[in-house]
């Protein structure tokens, strides 16, 4: 489970470059600016955020801890951030509507099966999902070789190594047995417990949600079906960003899926400037992939992003301590943001610009 | 034997750069392109390939597993790829003609000894070899220091370390004893078993096939002798590529012999664009050296190659599991190609172009 | 304690780049220049230095060895260098005036609390502090995660790991018990021993000295209050340097606080040329952060610095051997400077210029 | 002793860059050039060399093996190379004249003490030294910290660690006791055995030979005193090369003393082109520092060097096997040169040029 969260595709070249991309950018602070309480508020598609980051959608995190996506949906609003929950969440939209203090944002895949998608959109309307993000970089799942090596799969295959791994983490195993959040709940309809013989068709349906059989027409259709704000997630190419804007989306998430899809694509922070330039001020641009620190978020905002999606950090927090763990991680991020802004001498994230970056002629 | 396959020349600078060359190239996908079954077919010198890769010629692989070159000759066509078999194969042309479902391509060295070469060409005609590749980067063997360190040689020298190594791999040793494929069969004529006192003259003859005593006239002569398609393998310099085209060859294989010859030459993927530019559309350009993944093949095709030669991967597969192992490796490569094309949003390898690559001003 | 001295902020990217910045600069010697006793004397703000380096101000070094800041104040003048002592020193100004052969330079923070600052300036005048340096890059302390991991704090928290660490260094512990120099003495007023219940208000006051609530007006005020030479320490941006010159300071210390404040800022040696260019010959420019060797100092001087601040090296020397250890470290630095100048063929540090650096078109 | 030979100055940045400098240069071969017996002959200052390399002068190598400098003086001419023997050799000029098949070249330092130098030059004339090289980059010895760490010194200091090291290499120790070649013989005059009380003045005299008290006038004087060919060794700066040519030298050795003097100077292979350009065809340029392979020598020759000095390799050979070991090492270098030229498709080292190098726009 750890390697499924931590790993990337194939040689993990992109996973590595996501970090190098941030490390190659240098911040250039202003001295003596009397910044004490920097304003960290931003807005995405007209929605106000107290903090410029969002818990990224990651599938099936209930395997790490039964608090699953509910943890992010509770902890993020508490601190002023947002949670964006995956279609493949181990909590259904309805469960989140009941359990979370405010409805999280919702991620889905382009409508390969329009009937299923229509039903899902209706449930999202009923549960008052404030913003929808459609992920366009998973026509097929990436080749995550750590998963292959561990024979990681849903439903889990029982191998001696896996069995040993489960037995050597008894707390985790016990939690999982008591509250087995390992299936994508949105695909189960109303039923509370998944019976084992329903698993295979359930998984087939959920995999079908990620399909290569979708194109720009499907985005147009989705746009016509969803009245609220719509983000497109997984854009790396300026012309795709432009085309999405033409299709009427409200925002672009520059992302390489955390280095988990096509290995060898550039770090998303490196392509961010070209995307920002291509869409101008027409829509909001967000950044995903490789964000681990407050300084990373500040760098992305300097380069024109409105906010960042943060994936692995909150899932590590979840795995370590459930909702409390997510709270701790998000708190660290907020503290890092405050400290970075103070040290940078910038009083508001809205003022961040390339002026705060250093470039050498090196 | 492992280090003979895995190693490169001297400091292995070129071996390392072959990989860095690929890692430095970034792919830039298109989103929402509805690619489900990408067309992987290409053509080389007018011959259709279902997959854009070819098992590269490597000498004496029978030492790794008695299935030897026959394994590639069986597994490659099954999947739509091709096998290109070395003159120094442990299976003779005639054995391959009998054992393989379709005759593999055949690699030879420029004609140092024209009589021997004429005989070989006649045997190639008789066995209906569809394509000939002449290797021009082995005037003398490279300095592979891992071989020197292990006292790797043909015939094998018996040292305590070697003896121990053989004894600690009993399955491999037993297979080798039952079917000792360790000599270059094409040099033995018709005889099925090599007697020990014939070994030295046999080796002398086979080493003579690789000779510094050859030049462009020999290529002209070979061209005049061989009616079928002819590739030149081992070109790194644009003017040599141009000159080979003038000599009437049908294709160029950009190659540094997998980093096994002159250490310190550039990665072949890095010189590919200059070769493609210099020969234009006159002949097909192929790429060899450093190819390990589907993404590598896609990158080479983006830069103008028609197909790639894949060496070490299939030999690792052979060593691990004979023909079945080669099948598995080639299947992985095909799956990686399909996945890469889908994730890239490109429906046919013929459409690959620099448009799918990302370049920064970094 | 070691990690507190040795570590940097967050991922220590800046800490690492401080060294890479120096390593990327190549020296280009002149041959046969007959340099035997190179002149190492420089001047900073009109004060003559026999050697072009200064012991950098580091807080609370008494925890490493009770000789603390007094060690630098004794050892530096002996050799011709200077000591710049932190406001957070474990020796008060008055103790240093009594104990040191010449009064060291004094570092303070911008006046968040002007009354306290006025009192401190008066004490500095009384003790005849020859030069004042105001540190402007600590609006809040940096995020030094090695400290977080070790629960390093003042006053120290007792944890089993800390207790074990103390017990396994009995000499150090004994010295500390006999002469507990772990509190910032300048905040205690006249009292010789700190009672434990005074610790918290004392620390609160001392942390208040580093405050985000300061701006350029406070620098103006400080300038108006201090009649002697005034350095501004912690400048990385040309416009800030220019602005400080306009405020009437006598010198600029280019510094990233040894990579201990905002992680991700550039190496100070890399921004030095832009600062030197922006202030021209109006004021002296000094360099801090990353200086470990005589060659580092020579490189900085080639790029326009008048002198360097050296932090960690003297504190390592202190930790290893008290005043004697600092003497040894400073002696090594002087010897390296002499050797470097002789090998460079340059007879005076005043003649160092970009002429002695090598730049490739690489 | 090993670390004295293997190590470099301070952080060994230059030592490392000497290798990186070569690795950054790529060779670009020509195919099908029919090169079988490449001509490796070159000339330096009108003297014919069968191979384009010279055993570099290294002091006191007798400590590694009693065969010392005599080994190089015997093995180099046998194979067609040359030996350049240090003033600090453990064999005197007279011993070499007696023992070597042809008189080696001789290295000395600029004349700090003209009387001693005159005497040495007379002895060089008497022993028919064919070429003199004057080393100009050792005004003082470099700071070799591995030596400092091991307390390496002449005469050796006895420390428990040293004693243990000697005892654990009994063969080496026994050889040393039988034929204690650890003192610079040229300073002893005629006496065969050094008495222990003469050691200190002897060393003082020999250290005086390396002196910062020399300048360009001393080079002029030396030029006027020595009728034969004269090389200047240790030039990194074009204007120094030009000035040496004006002083009438016959050749320039671009060298950073193998990274053993000023740490932080550029790799000599990186400055070679600027030196070659500055002196044009007026004198011969040679390269020293970092040469380990035949490919290194070929790269240097492509960039305009007439020959290379090879230091550590022959001393490793000496340490491993005396004269026989040096023979083996030089043979490997010759074989690598032959193989490299054949693989490069170049029939004579005189034809090597930048045409055989690859440069990318990367």
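Chains here go by letter, A, B, C and D, matching the order in which they are written, and residues are numbered from 1 within each.
Definition applied: a contact is a pair of C-beta atoms (placed from the backbone, for glycine too) under 8 Å apart; a residue touches a chain by one contact, two chains touch by 3 or more.
Since the model is a prediction, treat every value here as computed from it, not as a measurement.
The chain with its Cα centroid farthest from the Cα centroid of subunit B is C. Rotation angle relating subunit A to subunit C: 90°, from a CA superposition, given to the nearest 5.
Work out the mean CA point of subunit C and of subunit D, and you get 43 Å between them.
With centres set at the average Cα position, the gap from subunit B to subunit C is 61 Å.
Residue positions of subunit A with contacts to 2 or more other chains are absent. The chain pairs satisfying the stated touch condition come to A-B, A-C, B-D, C-D.
Interface residues of subunit D facing subunit B in the complex, by the touch rule stated above, are 23, 25-36, 293, 295, 299, 336, 339-340, 342-345, 358, 360, 362. Chain contact summary for the complex, subunit A toward subunit B: residues 10-11, 13, 24, 110, 136-137, 139-140, 142-143, 212-216, 218-219, 232, 234-237, 240, 244, 261-266, 270-271.
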